[in-house]
Every structure is written in C-alpha cells, then in structure tokens.
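Please go over the structures that come below.
Shared between the two complexes below is chain A, which has chain B as its partner in the first and chain C in the second.
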Partner chain A sequence: MGLDEQKTAPSVVRADAPWRHDAKKDELRVIGKPIRKIDARSKVAGLTKFADDLKLPRMLHMKLLRSTAAHAVIKHIDVSKAKSMPGVKGVLTGQDMPIPFGILPVSQDEHALCLDTVRFVGDPVVAIAAMEEEQAWDACRAVEVEYQTLQTIGSSHEAAATDEPRLHDYGVRGNIHRLENLEFGDLKDGFARADHIREDTVFFEGNTHLPMEQHATLAHFDKDGKLTIWSSTQTPHYLHRALARVLHPLPAHHIRVIACPNGGGFGGKSDPFNHEIAAAKMSMLTGRPVKIALTREEVFWCHRGRHPVLMRSKMGVTKTGRITALDFESYLDGGAYGSYGTASTFYTGALQTVTYAVENYHFRGVRFFTCKAPCGPKRGHGTVQPRFAIEVQLDKVACDLGLDPAEMRKQNLAPRESLTANFLRIGSMGLGACIDKVVEGSGWKARRGKQERTKDGRIRGLGLACSSYLSGAGLPIYWNGLPHSGVQLKLDRSGLVTVFCGSTDIGQGSDSVLSWIVGEVLGVDPLGIRVVTSDTDLTPVDLGSYSSRVTVMTGNAAMQAAERARDIVARGAAEHLQVPVNRLVFADARVFDSENPDKGISFQDAVIAAEARCGTIGTVGSYTPPKTAAKFRGGGVGPSPSYSYSACVVEVEVDPDTGIYRVPKVWMAHDIGRALNAAVAMGQIEGSVYMGLGEAMMEEMAYRDRSHKGHRVFVHKIPSLLEYKSPSTMEMPEVVTYVVEDPDKNGPFGAKEVGQGPLLPIMPAVANAVFDAVGVRVDENPISFEKVFAALLAKKEGKDARFGPSLGKDGVPQVDFGDSLKVKTPWQGGDGTAWNEPKRDKKAAK
Partner chain B sequence: MSDPDKVLATFVVNGEPHQCAFAPHKTLLEVLREELDLCGTKHGCELGECGACTVQVDDVPVLSCLYLALDAVGKQVRTVEGLANGPTLHPLQDAFADLGAAQCGYCTPGVLMTAEALLRDNRCPSRDEVKQCLAGNLCRCTGYLKIFEAVELAAARMRGEDKQPSKESIYGS
Partner chain C sequence: MLRLPTFSYHRPKTAAEAVRLKKEHGKDAMFVAGGTDLYPNMKRRHQTPTHVISLQDVPGLASVDVQQDGTVAIGAMCRLSDLERHAHLLAHYPAFAHAVKEISTPLLRNMGTIGGNLLLDTRCTYYDQSHEWRESIDFCMKKDGAICWVAPGSPRCWAVQSSDTVPVVCAIEAKVELVSPEGSRTIAASDLYRDDGIQYLTKKPEELLTRLLLPAPGNWKASYLKLRRRDTFDFPVLGVGACVWTDAQGVVTKASIRLGGAGSFAIPAVDAEKALLGHKLTDEVIAAAGEKAMKPARTMDNTDLDVYWRRKVAPVFVARALLACK
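On to the complex of A and B.
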C-alpha cells in the first residue's frame, strides 16, 4: 500500500545484468519509493515484541546490587541473609564469572560482576534472582559489602596527574588508557605557508543515548544444555562471543543469541553488558529462565555514550581561506572501562580530512580512565566532538579573514574519488551540493549578519556547519578475514522469499532494507517477503547495527544473494518460456520477455520451474569492505566503503539580555548516495536533527562530586528522564530537508549511510548562529542558555566575548605524547605506512 | 485466592472483562503487562516522565505507571491493542505506518493513545495543538515531525478528506 500511486514503466534492466549503483530512477520499482516498512503494522499495533515483553514459564526475575563506592577494593561480601530471603532462588558474585570480557580484544577489562575492585558508582557487584522482582530487590538490600576505598579519579586532568592508584593494570601508563600521535605530511611547511594561524580550545561535555526502551534480557538454559538469550542488543554477534568467552567451557555453538527489535539504540546497546552475561549464568545456576529489565537509572549507569572531550586545534589557512595545516589534540574522559574507547580515541582524529582537504595534519589523542560510567559509541561515534571544534573554528577563521563561511568551506572540499592525507579513500562526495542547498534555502547570503530583531526583541542569527560520516567501519572489531555481513535466501514453490541475516533492527529499518533490495532484484512485493534476522542459530553472521554499516554492508550481501537467486530462477523461466535469459525481466511479481511483455509467467511459477530444474533453491551473499589504503598503526579506524556528507544552516533567536534562545528553523542537506526509501530516509535525517539539537541545547551527562562516608564519589546528577533534559515536541523546530543523491559505487544501488551524519553539524551550527546573532562565542557544548548569558556578560564588561575552557597549554591535561608516527601523504609519494614505525606483528595491527 | 496480599478484581479492558489477582499497590501498567499479557503498553521510566505507558481510562489519557490498578476497577480501560478494529487499523495507525512515524515503535503506543483522545475532542487540530497535546510523550527516534504529520494526516482522513502526505515530507524539499 505505497503512497506513490504512479506505476513505473516496465523495467529495462534484464535478468542477466547486475544492478548498477547509478541505475536510473525510472528503472527502479521499489528502491526510492515511500513503501511502508516491513514491520510497520506490528509497530503501530503495539505488537512488536521487545525484550521485556517476553515471558517464559517458571521465569525468575533478576536484580543487580551496584557499587556505592567510586573506587574501592571489595573486602568481603556477605550474601547469607539474602540467600534465605523469601523467593530467592539464586545468588551470584564476581567469583562465579571470573573471566573478563569487553567489546574490543585490546580492552577485555570488564567482569559480569566486579571481581575484586569497583570502579564507579553503579558498577554491579551481586546478582540475585527471585520469584518476584520485588523479592530480588529486597534480597539485594540485605547483602552486606565491605569496601576498602581507594583514591577517586574524577576527571581527565586528575587522571593525567595521578599515576597511582591505577584504575586498571593495563593501558599506556598511570590512568592513561590510550595515547596516539600521528603526523601526516609536513606540518612545519604547512604552517609556514599559512597567512593566518588560529588556535582554539573547546570542550564537548558528555551526553547519553537515552533510548526509550531500557535494556532487558531473558536467558534460558534448557534441559539439553543449550543456552538461549533474548536481549535488547544492537550486536548479537559480539554478545555471542562475549558469552562464549565468559561462560567457558560452554561451547559457542551451544549458545544462541536472539536480538529483539530494539526500542532505540543509538549506540547504547552495542557493548556486551554485564547484566546479559549474569542473566545467562543465573539461568545455568537455577535451571530456570531468568529475566532482567533495567530501570531507567540503571540505563544511565550502563551509559557508553558520548565522551567528554577537551580539544585544542591549531589551523593554518591562506588569505583566501585554504587550509594548509591542522594540528589537533583531543583529551577524552573515558570513564571506568575501555568499551569502544580505543576506536573512539582514533575517531576524534580520523575524519577531519574527509570533509575538507587537509594537506598536512597532526593528530594527538589521549583517553583517560576515570571513576564514572564508561563512555563509548553514540550516534556519530567520536567524530562529533572534533566536528564541533573544527566547524566552530572555521567560522572564526572566516570571520578573521572577512570571508563568507559557506564559500570558504566550498573552497576546501575534499575531492571526490581521492585519498586523504591519512589514507582514507573517498568515493562519491556531495558536500558542495549540500552546502548550495542550505545556503539557498535559508537565504544565507541575504540574511546572515543582519541581526534582525524579532517582535519580542530577540536577535536573529544564522549559523552553518558541515560534516561527513562513515558507512560502516572498514575493519571488524576483532581481527579476522571473514565477511562483515552475510545473507541467505530461501525461495520455495509457494512463491515465498525468505531472507536470513544477522543484522538487528533498532528502529532504523534494517529489516526493511533487506526486503527492499531483495524485492527490487527479484521483482516481488517487498511486503510479501519474510525477513528473519538477528538470531545466531538461524542467521548468517552480521557484525551488528553500529557505525551506520547496515545499509551498505548487509545491503550489498543481500544484493549478491538476490542476484544469485534471480539467475537460478531466470534459467528455469527461460526454459519454460523458451526465451533467452538475457531477454527476461523480473518485475511486478512476474518474469517476462522484455521484447514481448505479455509473454511471461508469475514469479511463483518461475520458482517452480527453477526448482524442478535444479532442486531446492537457496543462495547466499556476503560482503567484505574494500581493502584499506592505510597501513600505519591506527590506520584501521576511519576507513569505510563510502562517506556520507551533510550541511546545515540553523536559525536562532537570542534574547540579548538573558542568553535564552530558541531555534525556529533548520535547513539540512544530506548526501546519502541514494535513498533506498524516501520516507524512511527522511525520518532518519529528522531524527538526527532532533538529537543534535538536544545535544546542542540541553543534554549533558553531568556528575556531582560528593563525599559518601568520607569517600569521594561521582554520582550522576540527573539519572531520570525528567532531569536529563531532552527536547520535547515543544522544542522541535521546523526542518527543511534536502536529500542529495550522489550514488557511490560501493553502495547497493549507490546508497551510503543515512542518519548519523546529519547529527554532527547541528551543534557547531547552533554555536555559530549564536555568534551571528549576538557576537559571543560559546566554545563548549551544550550551548546552554547560562553559557550564552555568561559570554554576553563578559562582552558587556569588555572582556573576551566568549565562554569556554581556558586557552593555551595550561587549559589541557599535561601529557607527554612522545614521538609521532610519521606518514608521508599520498601527494608526498607515501604508501600508507609510517616511515618511523617499528616492524610489528600483523595480528596486532588493529 | 489464598494469597492474603493479593486482591481479586475485574477490569474492563478494550471492552472485555478480565479477572485477575494482584497486590494492591500494583500500577495499572504492571497489571496490564504482567497479569493480562497486554504488552503493547510500554514503559520508559515508571516515574511519570516519558509518556510511553499512556493508556485511556474512561476516554482520558493517563500515565498507567502512576495509576493504581485498583483505581481502574469499574472503569473502561483502553490500550493500543484496542485501537484497531480486527484486521483494520485505526486511521492513526495507518498514517503512522505510511509516514514512518514509528521508527523503533517503542513510544508509539503511548503517542497513539494520546493522539486518539485529541482527535476525538478536536477533529481539526492545528500543528500547535498537536504539539501541546503530545508534549508529554518523549520520542528519541523521529524528531516528532513525522508524528505531527501523521496525526494531521489521520485527522484529515477521519474527516473524510482524501489526503496524501505532502511531497516535501516524503522526498524532501
């Protein structure tokens, strides 16, 4: 029941030709159309089964007792009272699961329950299962834990200054988790050629995903000795691996992970979590199904959201605004565990070169361990904070030189089909078109810098910013040479097409993506296709729904499987119809002769003919991203099959007395290669704008520095949906969206990622718009009203009209970055290696 | 019932009477989900902060996480499971499906129950009225815009207009 009534002309794409990335729109019947999502009906009917909606007979409820200390050694745990409480069926402590785990092979630093040390308030210590949830709670409260407290490390600055005690016994040294120092090209020469050099220090406060669904898991260890886990996870494959590791000697093939549809993820459900592993173990202990559903407060303790990052950026430009050199430092407050932090650290440096051509580039990044909930990947993973720094800095540079910030950016665009200074391969690149769209739509040229007054005395301002983002990571999280995504197709004589794939629908529509691609290739109605996903027993491995990888990676795998199935069916139909294969067309659930469209059979009959000819029909497809060009250590983070681009203009209306502002309108252009579904792509873009505005205006993962029985603790300031402010319907502005389609040869039908990229430019565009309106700079995200007010006050008093971290070397933690790895750029004749890097073992290359 | 801590009560949910026993401090949310297996009603906080648990009691939207189940006895409770008429979706549900106004779909039941009450009182709500009415329903996926458009589309269709979504809202400008 599509909205698009118009029927397209018969397809001219014949059964023997592979679909091209730049296929013409009128050749496509499914792709690009606003067809309903395959799960739309069950979602609007409230029938989608999320993890907490599942129930099994004799199911127990599990609760976790969490640490009240920020950093302590566990001296003693007394569970005797808890064990005898009513309804209690099982109690677990860290000793029951002593094997550590973690999402990245290089940071296996978590335990399902803390073994001997707690590292933040909220770290889980004891798990209790009981007949009723309330009984499990009561029993948790009866547990006595004796802590011997240790010094608490509260910030990046403290971590840099504290060698002992260490939060972990691995990492670089002291409380430094990761340290990177990479140099591409000749910085000295680059800055020498600059006519203007700017240095800025900015800060991006952490914030969190806040999915509407709290994490939940149901585990069932059955009588055959097999374990099944249903969970709200974005990465069933990685959870499967973590379970196999911790539950050793239970073999991996006795573990089945089923990812339920996620009630939003945004990166917050992409780590394997302690509660998932503890629930599994509890089911093995009790022999009964065990469910845990986290409270909203616990979701804040799971976190893995945006890192707080302090950044220093030094940019050299010519008089006309061409960037000649960039020297960038980032300081990440990682929280208590590694999580994806190694990747996050690299991501704060990786994509600076993908949006604008940076001839000479130096990146230094450091991640610290601190006694707070661990940070990790949130929509835009690690690239959001530096994007804020760069886009605000570009605005200042343009202002310094008297240039139009839009024009200046257009001069610097990274060229399409090129290699960047850090050896990332760019394919299609539509940023120029994106900038043109929002500049024109917003009336940028005429309205910027005018400080128009609104009726209620506010001052209008416009701000512009851009971004790029990955379509999936070029390398897997653990080193292997296997496909990143696999798809299996089954066709049977009923005419049914079933797609099996390990990907997880987190609301972004990945199940539907499979159905659209297969539907287009086989010429059948996508709503009639059965899609079976994210079940490690049934579906081929897909690495998960993270880093915007699904459209391109599962899409390409689905395309391959579907084209193989089409070939088999075509041969059956050709024989039946006595028409050569290369004249057949698959469309409208028919297979017919392109030269005589009336001569044809139904898709079902074609499948029957094919099944009669060659037996049961099943095909597979898989996808491995292209080889990366970067060979230096750290070059594994940043490569992607393709990059999406976005540009936006944000309009603000600022009260010059109070700093209170509102955002009435946003213009957003997103180059996504091709929209696989018009309406769904729009929804992703609008959702990004919304989440970006939340980050820009109000969202922050802030802590209180408190004393608890003489021990310094960091407790979340606002672990509730009311206090953690996020935009409601009332704050959502009008959004004018432009979908820019610059098909990329690596994407299925030319598609790239949609929906992470457009979050990034919102925050800097808001900061730039505030400056345009009232002439003050807020160099710290969120750009909250009180910061605008503080900057206005400073301006009034004749001080620097700015709010932000102190400038210069003293503003950042003191860290010795050591010598840089030096990489010659492609235009210096570099081959992607660092010429001063010691030889290393290939296995450790990531 | 032998458990002295539990009370036995009969609810009318979506027009059907249900008898069940539950502890008297249980919320309507808990009883709907855990005793009656009506899991369409969701929870995001259980503190009255997100709107995911919205159901209608005697036609008025309430937060079922703050509503004692016992207080619903003798009243008409309506949940998302009662919106569709057999296999035929409610016009709001159709419009949400057409426009992709349910992404992850977790906030959707609460949004639908709030919007349905609005459309019963106001056949032609303005954008501002829609926004006001849904201000207590948080959604993290959609940015609300497709939700507004879907409510307006459903309202028009319920007034008998043959309305389609605008080109801009589907394909962009």
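On to the complex of A and C.
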C-alpha cells in the first residue's frame, strides 16, 4: 500500500519537532503500515541480481583446491602440471598472500590460502583461474600436495586433553583459544539463601546457516589500478578492511567493495572469506575479472555457524522460583579458526541476566580449537545455546518446586529500566506481556500436563520458553571511537530522495527500513525513495548486517539525516508559503500549514524552494550507541542500545513407540519495541520459528570420525542440502504470532530488533514440550527422534528418564579456569569495574 | 556438487537404436530417463558417462495399459507424478501408487520415471558425496577406492537399496520386461536385483527396461510404509513392502514382506512371512511377525538416522505395514 492509498489522519508532528520514540500510532503514516518491501517485486520476479548472476567480459572462473587432511603440515605443493592445463590463466598458493587476516583484531589467524598448515578438511590450499570452471576444477585435480599429517583434534574434550600439537600458536595455552571467568556479586551467599539448588549438564550440537544463496564473488582489478569486488557479504566494511590488509600495499581507497543482495546470510556471510581475497588477488595477477561461485559443500566448509557447546549450570532458587545464584560454565568447540569466537564465548555468558533477574552470577567460558570448519555467528550468536540450557533448567526447577513454569518466569522478570548483575542496561521490557499472550493463546493452563492422545496414538505436550536478544552490539568489532552507522541523504529538484547507507540487505528488509524512516519524516511515499546501500565507494560506513543492529543503528542515523533534510526543506517552504516553520507539516508528499492544510506546496516544490534558497541539498546522520555501564574487561560483549524479548509455546505430538514427534503448532510473542512494518516483522518471527525448529528437530554439523590402519578420517558427515536435514514445508507448523510493542527510547520510533530473538526459545520449548508429553528429558539439542526414543527406553527400564551428556566429572572437559574477575553488582554498590586483578593468564600460561 | 561435466547427448527414436548406441559406446554410455538420479551422480562424478542416451523419444514407453488378463503394463518412461494419480492404479494397486507418491518431492516426481526408480543406484553416506569429500577419505570401493568405510573388514559394498517402489513390486510379485540387441525377456522383478552395493542389478548394462508388469488384482492385499526423517524429499531408511494372500476365511495362505533401505536389495523378511502363514491377521500375529522381521536385515551406519534406532523401531513399522494389509 502506498501513501496515496491511505489518506487518513494527517500527521500532527510539526516540521521543527523531533519524532518521539513513543509517538502515537495515529501520528504515523508510514511506520507500522504493511507496505511492501522496496525490492519485493524484483525478488519475486527473479530479477534481483545476486553475486553469482554477475558477468564481465573476459571473466575467468576460479576454483579452490581444498585440504583433504584434517590437520597437516604442507610439505610441498607442485602446481607445474596444473599451470599447463588447458584454459588455465592463473595459479595462487598461500605464499602469494602471506598476510593473515580475521574478523576480530585479536584473532588474525586465517590465510587466503593456507600457508604451511591445514587445519580441517576443506581448508583452501591452491586457487586456480581458467577460462571455464570445469577447466579450473580439472587443473586443481592435477595439483600435487604433499601433507605430513598431524594429530587430529576432534572435539572439545580432545582439545582440552591435547597440549601438543597446537592448532594455532596463539591463544591461552594448548588448544584453548579463549578462557573467561567472571563473577558478579556473592555466589556463596546466593546459594546459601537458595531453597533449592539444581545442577544440569546439557549439550547443544553445532549447526549451520544454510542460506539458499551459495557464496559468490566477482573481483575486477582494472587498468587504472582500482579493485572492485562484488560479493555476497553481510559486512562490506569489514571485507574492505581485510582486503586492504592482505593486499597491502594496495591502498584502501583503491578498493571498492559492493555487497550484492544476499540470498540469506543469517551470520554466515559476516566474516571476510578466503575465496573473496583470493579472487581479488587472482584478478590482480591475471588482469582479468575473476569469479568464484562456491558449491554447497564449500558453503559448509565456510560455515561460521553455531558452536557446539557443552554447558553446566548450577542454579539456586527460592521456594517461589526466584534465582538467587547462577553458576554457569560453557565449553565451546570453536573449529579451526578464531572468527568471531571471542565474542561468541562471551555471548554464551552475557544475556542470562537480561530475561530474569539473577542476583549473583558466575560465568566461566572456554573456547577450543578443533579440526572442524570454523564456528562463528549464527542467528542468535552465542546466546542460543545457553538459552537452551537455562530455559530447560527453569522448566525442571518449576517441576521440582511444583510451580507453573509460566508463572514462575513471570515472577522472575528482570525489571525494565534497570541494570543487570553484569551491568547491562535494560530499557523497555515486554517479556511479561509476551508470556501472557502465548499462555492465553495456547490454552496453556488448561492443556498442559494432560497427556492427551491423538487419533493415531501420539501423545500431546506443551512446552514454554522465553528469551531476549540485543538490538546491535554496543561496541564495534575493532576498537574505534567513530559512529557505527552513517547515512547520507540527497534531495533532488525532481522530488527524488536518495538514501545512501553502508548497510546490506540480506533479505531482512534493511533497505526498506531506511525508506520507511525517511519516508515518514519527510512525508513522502517510501516506495518512491531510492536506496543505495553497501557500496564502499558511494555509501558512508555502516558496520554491517549482524547482531540485529541495522534497524536501530542505521534507523537512528537515517532519522537524523532525514530530520536535518526536513529542516532545510521546511525553511525553503516557509519562505515560499510565508508560514512560520513551526507550523509546517510534511505528509502525503506535501508541505503545508497545520492550521490551514489547504495552504501548501508539493514536496518537490518545497525541495526546489529550498535548493533555490541554500544550494544543493544533502544531509548526513550518524549513530553511536550509548556508553556502556560495564567497565570490566570482557564487559564489551553484551551491552546494546536495547533488548528484545520473546516467549513461545510449542505443541508436540510424540509417538511413544518410536520417539518420532511432530510439531503441529507454535505460539510466538515478540516484544519488538515498535513494529516499523508489522508484516515484515512477522515474516522475521515466522522465519525464526522455522529456523529454530530446524535446530530443535534435526540440524547438526555432524562429523565422520573413522580410523583405518592408523589413518584417521575426520570430515563433515553430510555437507549437502539433501542429507544435512532441515525442515521442509511439511514440517512447518501453524504459527500464531503476536507482535508486542513496548517502545524503547533508544530505537527509531521505539523499534527494537526482531531478526534473531524469536529463534531462541524454540529449541528449549520443544524439549520442554517433549517432557510434558512423555515425561523424558532430552538434554541435548537437536532433540532428534532417536534421542527421544533412547530416553523413553531408559524410562521404561527404570533408569534416569533422560538423554544427555554425563552429569559426572567427565561430562565436561577438565579445564583450569584460574581465578575469577570479580565485579560488585549494582545492588552491592558496584560501579561496573572489577575489584580484583586476577593473575590467571600468567599463572595458567605455560 | 559440481556442474555437469561435458558429454554427448543422444536422442534415439527407437528402442533398437537406443540399445545399439549403448552397445556401441559400452561403458562410456548410460541411458537417461528423468535424470533425477543420473545427473546428480554425474555432478558428483560417481558416474561419468561421456555419452548420455535419452529415452524420451523412444515410442511406446510412456503408457499404462490394462491388459485383458487383468495385469497392468506400465511403460518405463511413465512419469511418477502421472502414476501417483492414475485412477486404475489408485483403485487396484493402492500400495504401489502410495509408494510412488512417497518418492522425494512433487518436483522430482514430475521428472522422475518408474524405470529410473526401479534401477536407482544404491546409496551410502560415504558415497553420495562430492568428489572432494570422497577424495578426503581416499574414496571407497564403490567408486575409485579400495575399502568399504562402513565395514572396513568386508570384501563387499553395503550401499543401500533406496527405491520406494522396489519393495512393493517385489512383494506383489510383479515382473519386468527387458530389451537387448538379442531380443526381449520378462523376469520376476525380484530377480532383477542382487545383494551387492555395486553390482546391484542382474540385468546386462545394454539391456533396456521397457515395462513393469503388475499382477492382476485378486485375493491379495499389499501395503507400503516408509520410514524417513522428513515427510518429503528423503529416501527411505526403511521401506516395508508387504503383500498378504488370504483365503475366504481371512487366513493367510501366502505372505511376502520386503525390507527396503535395510540392505543392498529389498530383503525378504522370511521369518516374519512364515509367522503369518495359516493365521488370521490379528494384532498378536502381526506384532509377533514384526519382531521377527529384522533378522535378515543388514542395516548399517550409512544412511540418515541412527542405525541402532532404525533396527529398534523397525518391528513397529513392519507391524504397521501388515496392519494395513488387513
């Protein structure tokens, strides 16, 4: 629906007043309306150009030869035969790009092509460009690589037990990449005041993003010495930095990165990738455009998805279920490289306190290097696994205490406008309202615990879980004091408004968000706005489409730029109309007198008047998140301008004879602050439900671990779309979505995130629902049929009705976490700094 | 998965010409029907024919003919989606029509043919992988390698029979017609297969499968039950084809139970069959037969889903399939 189709209540926000986050709905003409996305028709018609659709004259095709060894030293590479194969134009090896890179400054541990060590099956070793893709592939087969294999590190347990060989020569020690130990408040006192203490060990297997679009890159180093890269990336700015680093001495301002529309990202296109850098280098080598389009298997090697995490959680609660103390340990299997892993490690501890008040909190986290495709950020980055642990544990606590899990959670809610034990600043908080919605919608009170039978003999169960997520990370990935988001606006005498922004639309609708916000402020049809994004030559820096930051951060920047533009245009219009500026209103593509709405001019004429008055019109806006309250080391991960909240109820039907279950229905409520467009927001919520169910029911990055005559094979078990199981439309249940709006003062028009949060509660809700149905606990995600069956069998045999990791000492790897960094909570009078200086790093380092 | 490699594409206009082309190019040539099995295999470089002989122009292979004696002849090139909706098949061979409908997805069934489905390559999670993946395990004996990763001590390949229709056509004692340069012959469908993951067919490579012949309806009732993770897309990890012949009193006079997805061919569950003979299909008889069904099965860790679980739940599935024969 365009603006012209809805000439209802005129806007009452005057041209000199800033928009308020809690503006009334009837003041808004674009925001909140179900307008179609600006790129929707092209996408639906198949006309959107993704990176793999691009072609340039004289373009070469590149293929990577990847490691067949899980861990080895490269003794020798012979490319002589490959070089003389038909069509071959260029061959690169690691030595051609010796400078390491990585997304985080603290882990610059990747090479575009492996230099001397390969660390997992799939690590790239040689790049070959040829006239045809098949020729490049054939030439790769003609390369001879001599490996000297090293011990494979296949799991967190193995990594903890193996000091040598190390996968990397940096990190804490051995194969430990990161180690964190943070304590807030007084754990001893907290547990002493608890009426009930529970300890649980749970495991969350890794899984991957599975975007429909496989990564592709086109690089062109032109004759004027400028490099242009078109790529399926969520983070053109970070890719730009990595290219400038590795391609040194090519100056950064000679590099142009254009992020193509992403056919799904979910975090999997947030790292700078080896194939992107190799394609750039290959274009420099050959002087021709070079394209690489990854196969599906290669997308599995790129990975950067969900970490496998083992967790041990000890929770102390009062009789009514209030959490007096939480002692949480997480063990992350990081795969072969650092990636975002440092942040992931902190995220497994950061947000436990944001949903329910936790009086005293201790977090220990460790990340290992293993010979697997590197893990990184996937939708819900690092917070998904602990959310599973906590929500399942709360369900058990409620069961232990005989409480209704929904009521118990409601009594525990973290207060709005408060600081948590670990100094995260909560703003608006609609979790209570979310719980109410799903409890009512699902008939929770009446239907839970009834074990009704379906016609075909399955048993019904309901499970509830909640979550929260950040609306953008409070700190950037590399230290700097600059804005996180910038927007430029150009207003043209044709009436055209162009928005320039570095953000990338990965299908979530961020281009549309820019148009809605600018359209609202300037009173023009958003579908008529031109949005130019993610081109490092043209658009101001935005850090990227990750951590659910785009709507809040670019939104605020766009709002500032638009309000500035409105000022300029208003002054031109005021002069033209002879009306005071503060009486002007922008709406319906007009600028008019609020006291005499007939007196006005078209938006275009107002722009012309303003341009005549003060010259070419362009404005800028930028956004920097509020300063964080956490000042201790490690306090940089977790703070956000605002937190979204979700609650869901999942219904399952379990076949008690086989463990096979279905999910017929899900109720999901999400506190989004304000829905800029409820239809698009609901799309994000339903997408999260779908992805969450995939994680809950079947998705896993399983590895084949076989040995034969001393040769250990360690390789991704099922890197294909058919065998890496993800739900089909047949598994997608009916979803009842509730959009809860609790506007937050830090969000544009009060908006908070929606892209990630609603995924989190699905997995624990499924586990809790299975328990409600058949009385068994599956403490391991995915909650596959086999595990439900195994738990049912255990129950039948009178054993612990549970499937999960060992509760004993061997359940988690043995790690010396050293002393904790101690921080007083706000209610102990803490100021966000640590009161001790633990020496653990020195003591522990060998 | 890579893109398709380069190959020559032939479109013979007669069966004789197709067979001749195959003979001429020998190992370098393969027939293609819908291509839903062959092309993915070529993209993974499992099968690398340089001559692909399409059967789409060969006349007379795409019809369903109800013969005078009540039997039904189904042309090998009949599309699966046509068969799943075919009125006569739905009315008289519901188990077969159901098995067809359980194959993969509607899109695949619009391309896939019954001939291709009957000749579907055996599958294994060590084999149905990209060339690069297989390179990293140094291949396996089904293609390019020396050992079997599923059972390294074993001299044979255990790749899995994965067609949904095969257990049913074997159970109901259907026949197939094969044409070669020497002429045509008709054999029992179950004689088309052998217990080997590599040489899983008994037919000669140049033999063309022309027709599937279903027996006339009579005093038998069949069923097919498929176990898989998702309700679409997935190959069977267990496919129970069951057929029961009864007398006027409902006493079982003959039974045939075939287990697909449980070994390299559709394995007869002989003990379970015996347990039904001379009995009526009561819940107790059925449950007892289910328990005996998996003895001859050869489930291994080379399909989706846990191998232990697959064995454990199989009796439930066999019993449910038999229940549907009541």
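Brief remarks on what is shown
Convention: the second predicted complex is superposed on the first by the 824 of 846 C-alpha atoms of A that agree within 3 Å, B and C clash if a C-alpha of one lies under 4 Å from a C-alpha of the other, contacts with A are read in each partner's own complex, and residues count from 1 in each chain.
The criterion applied here is as follows: a contact is a pair of C-beta atoms (placed from the backbone, for glycine too) under 8 Å apart; a residue touches a chain by one contact, two chains touch by 3 or more.
Fair warning: this is a prediction, and the values are worked out from it, not measured in the lab.
In the superposed model, A:794 makes contact with neither chain B nor chain C.
Of the two partner chains placed by the overlay, only chain B lies in contact with A:263; chain C stays clear of it.
Within the superposed three-chain model, A:786 lies in touch with chain C and out of touch with chain B [touch as defined at top]. Once the two complexes are laid over each other on the shared chain, residue contacts for A:433 go to neither chain B nor chain C.
With both structures placed on the common chain, the touch criterion links A:137 to chain C but leaves chain B unconnected. By the touch criterion stated above, A:698 is placed in contact with chain C alone, chain B being left untouched.
After overlaying the two complexes on the shared chain, residue contacts for A:657 are found with chain C alone; chain B is out of touch.
Residue contacts after overlaying the shared chain place A:295 against chain B and chain C alike. Touch counts on chain A: comparing chain C and chain B, the chain ahead is B.
Contacts of A:73 after superposition on the shared chain: neither chain B nor chain C is touched. The residues of chain A shared by its contacts with chain B and with chain C are 295-296, 720, 722, 728-730. For chain C in complex with chain A, the residues that touch the partner chain are 1-3, 5-6, 125-126, 128-130, 132-133, 135-138, 147, 149, 152, 229-234, 304-306, 308-309, 312-313, 316. Chain B makes touch with chain A in their complex at residues 33, 37, 39-47, 49-50, 52, 79-81, 83-84, 89, 92-94, 96-109, 112, 130-132, 134-148, 164-165, 168-173. Interface of chain A with chain B (complex): residues 1, 3, 34, 36-37, 39-50, 52-53, 55, 209-214, 261-266, 295-296, 441, 506-509, 678-680, 682-683, 685-691, 720-722, 726, 728-730, 732, 735-739.
On the chain A side of its complex with chain C, the touching residues are 66-69, 121, 133-134, 137, 295-297, 657-660, 698, 704, 706, 708, 711, 713, 715-720, 722-723, 725, 727-731, 784-786, 789-790, 793.
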